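So, here come the structures, one by one.
Next, two complexes with chain A in common: one pairs it with chain B, the other with chain C.
On to the complex of A and B.
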């Protein structure tokens, strides 16, 4: 089985500070792969490299064998990488529908001139994409909120909308940065179900960064633990839970 | 082998699903301008010329010209978040392009208007990449410089602009058999102000509808995404610099259309028309009217153009206004206007950040736009 995503010896330094040193991992299509580690371990740094916001100091990132290092964020989105943000990346003054439609921007092709004149192609494209977004919103039970501006919605709902938008991009690889941070048990369950549902329906490969260990251990196929920008261990949830190196990184050296 | 992503596959293999969802109210794209508002606007455009006095028509004509430029600026500043002082420069570009095409070459209305818009878009497209590549408010500085360069340029291109003395702009407002300068209705020939009112406000309506269409489309959502979160916009696949430049081009194009209408209406243009104060006034229009709102641009243009006239009418009843030195007043009419202008801007920013448009009850509006 070939890998969807290959990351080899990824290193990032900011000035003299090494945020990541030589991290390697693979994600297979349809796999839920989680990255765990204490705060500051480098999890979000990996995401920022994968979405083109940081340029790695060294190493390779390949999506379906294609090298991604140095490409701007826009191109990575077009090639099939979508992400959500730890602190939410929604457009607060736009409605839920408009936010999720924006995920489909790169799948739409009409020009500004065509849009201004509201040509038939524009109306058709708009109608088709709104229909598609309506379906996605229904999967997330958000159809009722479609025309509500983001600014008035609660935090938990916004987290779901961001996942819905990432999904609307029709990605090959979905990067979820702390999707259940700050959520209660019920909301966490709702998001876990949504993530599993996405995988079941679309076979999307996913990389998950999350501190909620119960959630991570339940839905992940494999995990990678990192600490201080370095690889600690990779394995199944069972292997990771019983790995002495991981336990040490989290709990400190056993007395 | 990896399992292909099949979101698109579902819509391909099951067109009936799409068709079914189209019938849902959710899936229908909103009409950009409501029929009610369109009827109201058209009614006003064709009734007002027969009701309003010649004097007020001329004032409303200036307001309509301002509305065209303000609609453009609001797309750039209110919707894309890029503040510009450059409207006067592009109005100049449009005015001289129209004068050259319409007067020097003797070409008709559609051609001089198109020439003006094309030149506005072209110059905007040339300047845009330099002004918009960096984040932050560099555009304010670049467009400020642009207006100053323009003032110098207009003084020194006598073959085009008439130099410091200005030039006549005698361009035909004729569209096929219709001559807006002497419109004939049921055998009566209308005054110039009446015909130009219809022409100018039809242009403003056209600009408004096009911008509303943009805002309700792929392109418009990209603009607003950049305004709200530039980095996220790039991560979801929007080309940030390209999109900003497009907004700047549209804004410049509409300013140029306004400049062409201004020249044609006034029949004369001096280089000093396109000064920095005008650029500030355009910003004031969208702040007072409502940032990010097309209706706001129009209301703001009306407000900024009509206010001095209202103050002038009221001034004889205000004891503190002086008309001649030594008549006991403490403030001249000009100064009073400047003071009120400033006070209104501050008042709107503090008490009605969504501008006049925010005070209008809405049936189904855009979500609120951010405070400027």
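On to the complex of A and C.
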């Protein structure tokens, strides 16, 4: 099976500090691939490279064989990479509908002039996309909140909305940056279900960074452990949990 | 009573143009964070483009207005691309001085070409009056009100409904998250300036149509959009509209009542009125009627 995402020898330095050195991994279509490691290991750095916020010092990132290094974030979104943010990338003053609708911005084709003149094609496109968003909100049981501004909703619901928006983008690859950070058991369960549901419906490949080990071990197909910006091990949850290098680097040190 | 109605209609007409100019200012401020003092210059630009196309080329008035609007939008986009984009991340004060300098340039060019005389724009309204319910009002005032209302509705629909309007609002709230949705920040910046240019040009044409006439003094009129922004709040489109209408009505009522009841205040006291209101607001409510508290003073 060919890979959806290929990352080869990814290295990032800030000044003299090496944040990542020579990390490689693959994500297959429909696979949930997690990256684990202690704080500062380089997980978010990998994410920021994948979403175009950082430019790697060396290495290659390919989506379906196409080189992504150097492309700005807006182009990556258009090519099919969606992400959620550790601290929520939602727009507080906009409604749930508007937030999720923004995920479809890159799928909408009408011109600026058409938008300004409100041509019939523009209005039809808006209506169709709103209908699609309504369906997605239905899936996430968020239909009743459609016209509520994000600002008044609880944190757990906002996290769910961010995933709904990522799904609305119809991405090939979804990057989830700590989707259950700060959540209780019930909320974590709801998010996990939503993530698995997205994969079931759309076959989206996902890269997950998360500290909640129980959640990671439950939903991941494969994991990669990193430490100090370097690759430690890659394997199934079972293999990783029993890998002495991982236990030493990640689990063992705390004990 | 009919005199009061007459005055209020005149005031709303003038105020709706202040509102448009203020709206252009707010759109640029919200989208790009720039306090654009050159907005009055774009107003002049639109009015003189229209004058030149109508009188030098003899185009029909409606076509001249359309081309003037497009031309002004182009000037605004060029300002953004060539000048303002280099200023991203520079100190706020430096950015303000740049827009101030642009205002001076935009004021001096028409003055150098056409001089300071009052010119007739070549519009179809002239001195025409229209009667509504027994009250006589200037035709140009009714057209101005109509244009003002239509532009406000269009701006509202654009921002509330269209994907580009939504993208601009999102980008103003969180640029990084907006980029992750595929929104291009450069396009948002250019678009904000283009909208400001379109709105400014229409305001310029209406403010120099009919009995009003066109001269470089127009930029002084445009400057009175600033009290409107202070009244409404720097970052509030609704505030721009309400503030603009309030300033317009206050100015026209003052002009009439001072002449009748308090002539000792002088003939041009109404021109001071917007700034008196602005000063009062700066003292008691610096973030305006609808503004966000933190950004009130810019």
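Assume the second predicted complex is superposed on the first by the 250 of 255 C-alpha atoms of A that agree within 3 Å, B and C clash if a C-alpha of one lies under 4 Å from a C-alpha of the other, contacts with A are read in each partner's own complex, and residues count from 1 in each chain.
Here is the rule we use: a residue touches a chain if its C-beta (ideal position, glycine included) is under 8 Å from a C-beta of that chain, and two chains touch if they have at least 3 such contacts.
Not measured: the values here are computed from a predicted model.
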Clash or fit: chain B against chain C, after overlaying the two structures on chain A? clash
Look at A:28 in the shared chain and tell me whether it touches chain B only, chain C only, both, or neither; answer first, second, both or neither. first
Quick one: classify A:11 as touching chain B (first), chain C (second), both or neither. neither
Comparing chain C with chain B, which touches more residues belonging to chain A? B
Pick one for A:86: touches chain B only (first), chain C only (second), both, or neither. neither
So, A:106: does it touch chain B (first), chain C (second), both, or neither? both
Give one of first, second, both or neither to describe whether A:143 is in contact with chain B, with chain C, with both, or with none. first
Considering only touches as defined above, state whether A:151 meets chain B (first), chain C (second), both or neither. first
Of the two partner chains, chain B (first) and chain C (second), which one does A:134 touch, if any: first, second, both, or neither? first
Taking the two structures together, which residues of chain A meet both chain B and chain C? 51, 53, 72-74, 77-78, 82-83, 85, 89-94, 98, 101-103, 105-106, 108, 110, 112, 115-116, 118, 122, 125-126, 165, 169
The answer for chain A against chain B in the complex is residues 1-2, 4, 28-30, 51-53, 64, 72-74, 76-78, 80, 82-83, 85, 89-95, 97-98, 101-103, 105-108, 110-112, 115-118, 122-123, 125-128, 130-132, 134-135, 137, 143, 146, 149, 151, 165, 167, 169-172, 202-205
Residue numbers of chain A touching chain C in their complex, please. 51, 53, 72-75, 77-78, 82-83, 85, 89-94, 98-99, 101-106, 108, 110, 112, 115-116, 118, 122, 125-126, 129, 165, 169
Residue numbers on chain C that touch chain A, as the complex places them: 154, 157-158, 161-167, 169-170, 173-174, 176-185, 191
Under the stated contact criterion, what part of chain B meets chain A in this complex? 1-8, 11, 17-18, 21-22, 24, 26-29, 32, 210-211, 213-214, 216-222, 224-225, 227-229, 231-240, 246, 250, 292, 367-370
